[in-house]
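In what follows, subunit A forms one complex with subunit B and a second complex with subunit C.
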Partner chain A sequence: MSRRFWETDWFGPLMVVVVAVAVVSILNPSFLSPFNIQVLLLAIAVNAMIAFSQMIIIAIGQMNLSVGAIGGLSAIAFAGMMEVWGIPWPIAAILALALGVLAGVANGVLVALTGISAFVITLASLSVYKGVNLGITEAQPFYKIPDVVKGLGNDTFLHPLPWLIIPCVLAALLLWYLLNRLPLGRSILAVGGNEHAAELSGISVRRVVIVAHAISGLLAASAGIMLVGRLQLGQPTIGDDWLILSFAAPVIGGAILSGGHVSVAGTLLGVAIVAIFTQVLVLFNIDPFLVQVVLGVLILWAVGVNRFREVRALKHSAQVAS
Partner chain B sequence: MSIQNAPSETSVFVAEGMTKTFPGVTALEDVRLSLSKGSIHALLGENGAGKSTLIKAITGVHRLDSGRMMLNGQLFEPTDTRDAISRGIGVVHQERNLIPRFSIGENIFLESLNAHPLRRIDYNKLFRDARVWLEMLGVDADPAMPVHRLSVAKTQLVEIAKALSLNSRILLLDEPTAALTPHETDTLFKILRQLRDDGVSLMFVSHKLEEVQEICDRVTVLRDGKNACESQPLEGLDRQAIVRLMIGRNEQIPDWSARDRSTGKALLQLKNVSTSLGHKEIDLSVHKGEIVGLYGLVGAGRSELAKSILGKFQVTGGEVLVNGSRAEIHSVADAVRRYRIGYVSEDRKSEGLVLMHSVLENVGMPIWRRLAGLAHFLTNGKIRKHTEPYIRKLEVRTPSLEQHVGNLSGGNQQKVSVAKWLAAEVQILIIDEPSVGIDIKTKAYLHELIRELSDNGTALLLITSDMPEMITLADHIVVMNDYRIMGEIDNTRDYDTMSERIMTLIQGEELVAAE
Partner chain C sequence: MQFKRLISACLALTAIPTLALADSSTRVALIPGGPHPYFAAWEQAGADAAAKFGLGAADYKVPQKWELGLQNQMLESLVTQGYNAFLIFPGDPVGTVAIANELADTGAPVMALAGCLKDPSDAVFCMGTDTGNSAYLGTKELLKELGAGAKIAHFTGFLVDPNTQLRIDAVNKAAEEGGAEVIQVIADIDAPEPAEEKINAYLAAHAADVDGIITTAWVPAVVASSALRKIGDKRIKMVGIDHDEVVLKAIKDGFVHGTMLQNPYGQGYIGSYAADRLRSGCTVKADAPFKSNALTDKFIDSGTVFAGVNDVDDYVGSMQSITNTLFADFESTYLDCK
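And then the complex of A and B:
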């Protein structure tokens, strides 16, 4: 790409990460302790999956409000299948992922076939999926989680790198490849950029919408399953607090909410920024409930930066087209 | 600063030394202009000549870097568009600026309603007042009807009603006739003349020189942001002279002779086709190397027929044959991939291109799948290899292939939308209004390209409302009105007889193709 590196989506967030890490580690050297890094990476690994799950829907210019509900449903399905039916954890994981895909496909099919906005469809399905979750669990967690799963959810394979970072890195690489190298990924962005133009260029918009929702469901389910390992229990409340983060990270990473443009690296850095800021609140004994406030400010900051770039781009195009 | 054409006493608006630069580009340089009372002033120039910037300066969108504008003898420095409106400057923009779900009446009086945000809206009075304007413009519509239910042409007229309702003493019209039928244009012109006689100063921007010659009395031509002529009487200037001012040289009209390509293999045939949109008994065939023109007024159902052929809308009866055998086209994806049919949309901004994506991505869009077919993934290098020759061939002017299409000029955007289908190597290409918003130079170039495509064996279905364009390009003309074929004629390329015969067909007289 001929774009200069400081104009890329990831440059701004990267600078924030670098400066934040530098400042915080000077003020409190324990920030860079292996244990703290491990905790940080665990949070990033799960949150990145949540953010990617929303990012792929932002790419087609839609919203998925049911990301958390799908993640929660898959999480309790995973835990429940192991506890109630005694299914071995790898098979339970695969089935739970399949459930996530199914929930995503249901969203996608409804959106593609009815033409009703994804906002409304996923608002409804959020309620449905969450209702099924509470119906199954009666709001009680599943406790019997195999030790392997607990281990994978918390331990490191190479100090201080936790196991959970592996699926996260894998997802990031695959998504980058999809969005930059595969016709499917290019089509996803084309549909987000201009649905009509994409359709008239021979792209099947319906199929693209359904596939994007399926991927979103898969990623949300992954996040849910990873959280079961991390929390060491199948909490019915998993996913309840994902929504703000799922939008914040892609937007901090330069995604355009009307669709057509997202950045995998930017989103990952967006997740890192949120994780670092959250950690800082803990390290400096600030009320952790302030996390919400920080998140809100971060979103406003990111949208502000994007808006600034947009206005500049508009000015630029106005002069070329004058 | 010396002014050659000293403003006469009737000048209501005088601008001198208008200069506006954007980083890297000088959009206006020392431009002069004077509008007199009771006159219709043409503002001409190719795309990128600075017309839009000039209009935006007068309407308060842009601030001038230097130069000054005088309105009724007073210094005029609009701070924003509202300020300009309150000083009596009305404008009808090229783009639609109405609120789709609001009623016609509310749209017309939106500005005055906003002046009193807490006063209850008296809808009866509002609709009564709106009806006056609608009647004046000859629009037969209920003022309570939401704007999105109107045809494009009527929407345009509502927009004009809106500008007129502000009692503007200066009215700027940016391509007001682009979407109007000849009949509606005539009505509009009658109103414009009436306004002129009432003492309003009008400025008229159009690419259709015939219209300019018909209605305007003075002309200012811009070329590369400078005056090529300023407020000159139009009398005594012929078309050639105007074009020379616009492009700096004579217009080259291709001297293409009539040809008969109907002997080649029929690549696209419609037999007694009807569609879910209401087309009936459509018979049409396009042969290899032939350009078939589909003529009709706005709303005749031509673009809709094109989209039905493409599978976007359903064909409910009859049959579509591609390459001589029956085609089952269920989606646009089918049309593009299986039958190699391409469609250049009339609306490149909302249907043709992904403006926020690069030139390379836009041109590559239809062939991603095919390119990836071999090794299952795409690289920019691979896409570049298959698209760059076509982008070069069309001389798309862009700093790089990574440039966002939205940043290119209208003409270059149109070239990108054509290049896309050249790269896709389609056998049938439907081109819908190829020269909307394109300057004369690019238009001539595009015409040569379309001709060349047909010489190379592509079957072309050309949809245009531009009569000269139709007669220049088409080998065979099919006339459509109200979702039906009214008749067809071989093109003799004699403008006067052809245009007359086409109009006769539209009017619905039974006139079976001669020859």
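And then the complex of A and C:
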């Protein structure tokens, strides 16, 4: 039976977004200025790709600590190929995306074949990918980014909608379709829900794990490439502080960290909540030392809400059973 | 690339005469707190010092992340690899003291570079930009342009950086003296993503309320320069920091008023030289004219200078000049070599 809309994962975060936008725009009308909306959408576009990259791994009940390292490596590869080898940007982008997929596949293969926890494998690969990044760049940015890439990273196609929102929307739609309409998506959720049961029902868990990590690598690489356009340079530190956000947004959006349940719309709204709160802290001149505290409290709140819903669902099931 | 220009010009410093024989067994490790473009000049500085003074090595080793634990592990590992002199940007002014003392106990000279350790420590001295003074002078330059009554925003670096609070205090002091008001401090944005998000959000909402911007960390300077170019606002005056290409170009194009140059090359070059001299039997003079800052009484200012639109093309010359001046009488001023 289909759930009522206020019982969906995305309803709570949507209400938070609506209330936050209403309150902030009353207190500070410039919040809804076209330029600020553009700034907000740019932040959401990139951060959503980062969150999706982690979300797909949470769906199989694992963690990917190397999301930022893959994104950073792909970003500097994209910028470096254009600057050092003069490769046209579309080809450089495709190669950088392929690098992200390769890095993701390497994670997936290691997890699937060794049986070692994804936490450990991706902790190690984080170090490897970051090391390669620093080895290539020596901590120096690549500056020679073509104007068209800078334009795609900063301009709008319909004011105030930035170009970067297009890959984000496409990724959201494709992920929703994958997870809700395709057998592979259902396999991903089944593996996350109960790996043993999934295997017994004929699903190749190894294949699913490798594919999920490949998708995660692709999304992380996309975020890295988008950031090169947005920042207008290939910074080696791209990706360094993605980790908290990558977990926060899916969790705020209703994802269960043990796997089997994620929400694309909820994750997107989770990203929006983090972006709005980040802006609010700046707009209202909140002490910079409090910014990290607020993000931490947001995550605790989301985990608390999820736990409350889980307990309520368990009680409901118990009542039905009795 | 501007950085390569800087390096090649700095190579000219190797023409400075060697003052005494070096010890080829000296192996210097230059360790920043984490990856950051500011420290990149240390690599060339170490290589130049090793070649010029005949050191066994002067190698730049970067911890993969800005984490004290990672930096400590790297330092311990470098001892076992045979390094016997350490130039360290402290991951934490207090937290790094213990490992610095351990290294000093092995007989290795230890110096804090670009940021200081909190006294007491066994570091022989701290050499870096007088960050407070640089922020203070930068704000003064900004206020020369804006005048009294100006409202300024301050964009700065990592809250874990020992220099950040010094910079915040110095900007506030200069603003107070100049009759200006610091209406907002945005900190912890020395990484591209948060800097981009917060600086653009701030300008989107408050561009009309602010007359000037002072940035006292590398990434915020780069991002704010790009943001001002993006919104095309030349009314807001900005003074940045360091010599990133983006900042220098924005100065030339009139989007940024100027930048406060620091001297990372000089820190690495002179620091490596000093480490070798200390291993060769020199000692730090008891009456060396160290300066004091909030963390230490053994501070050497590696220099800072304002570069406006007329100085941008010769910014390398300005930095060379600072290093030459400091190096020329470094030994006679700070060391006792018999």
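Convention: the second predicted complex is superposed on the first by the 316 of 322 C-alpha atoms of A that agree within 3 Å, B and C clash if a C-alpha of one lies under 4 Å from a C-alpha of the other, contacts with A are read in each partner's own complex, and residues count from 1 in each chain.
To be clear about the criterion, a contact is a pair of C-beta atoms (placed from the backbone, for glycine too) under 8 Å apart; a residue touches a chain by one contact, two chains touch by 3 or more.
Since the model is a prediction, treat every value here as computed from it, not as a measurement.
Superposition of the two structures on subunit A leaves subunit B and subunit C fitting side by side, clash-free.
Once the two complexes are overlaid on the shared chain, A:N285 sits against subunit C while remaining clear of subunit B.
In the superposition on chain A, no contact is made by A:Q62 with either subunit B or subunit C.
Draw one line from the C-alpha centre of subunit A to that of subunit B and another to that of subunit C; the angle between them is 130°, to the nearest 10.
Note on subunit A: of its two partners subunit C and subunit B, the one contacting more of its residues is C. In the superposition on chain A, no contact is made by A:S74 with either subunit B or subunit C. Within the superposed three-chain model, A:N107 lies out of touch with both subunit B and subunit C [touch as defined at top].
Within the superposed three-chain model, A:S263 lies out of touch with both subunit B and subunit C [touch as defined at top].
By the touch criterion defined above, A:G202 reaches subunit B but does not reach subunit C.
By the touch criterion defined above, A:S216 reaches neither subunit B nor subunit C. The superposed arrangement places subunit B and subunit C with a least CA-CA distance of 31 Å. Comparing the two interfaces of subunit A, the one with subunit B and the one with subunit C have no residue in common. For subunit B in complex with subunit A, the touching residues are 22-25, 27, 48, 50, 52-53, 225, 310, 312, 331-333, 335-337, 343, 345, 350-357, 361, 364-366, 368-369, 371-372, 376-379, 400, 402, 404, 406-410, 420.
Across the complex, subunit C meets subunit A through its residues 1, 3, 35-37, 39-40, 43, 62, 64-66, 159, 183-188, 191-194, 196-198, 200-202, 204-206, 219, 222-223, 226, 230-231, 244-246. The residues of subunit A lying in touch with subunit C in their complex are 28, 30-31, 33, 35-36, 38-40, 42-43, 46, 127, 130-131, 134, 138-141, 143, 154, 227, 230-233, 235-238, 240-242, 275, 278-279, 282-283, 285, 288-289, 291-292. Considering their complex, residues 1-3, 177, 181-183, 186-187, 189-190, 193-194, 196-204, 256, 260-261, 313, 315-322 of subunit A touch subunit B.
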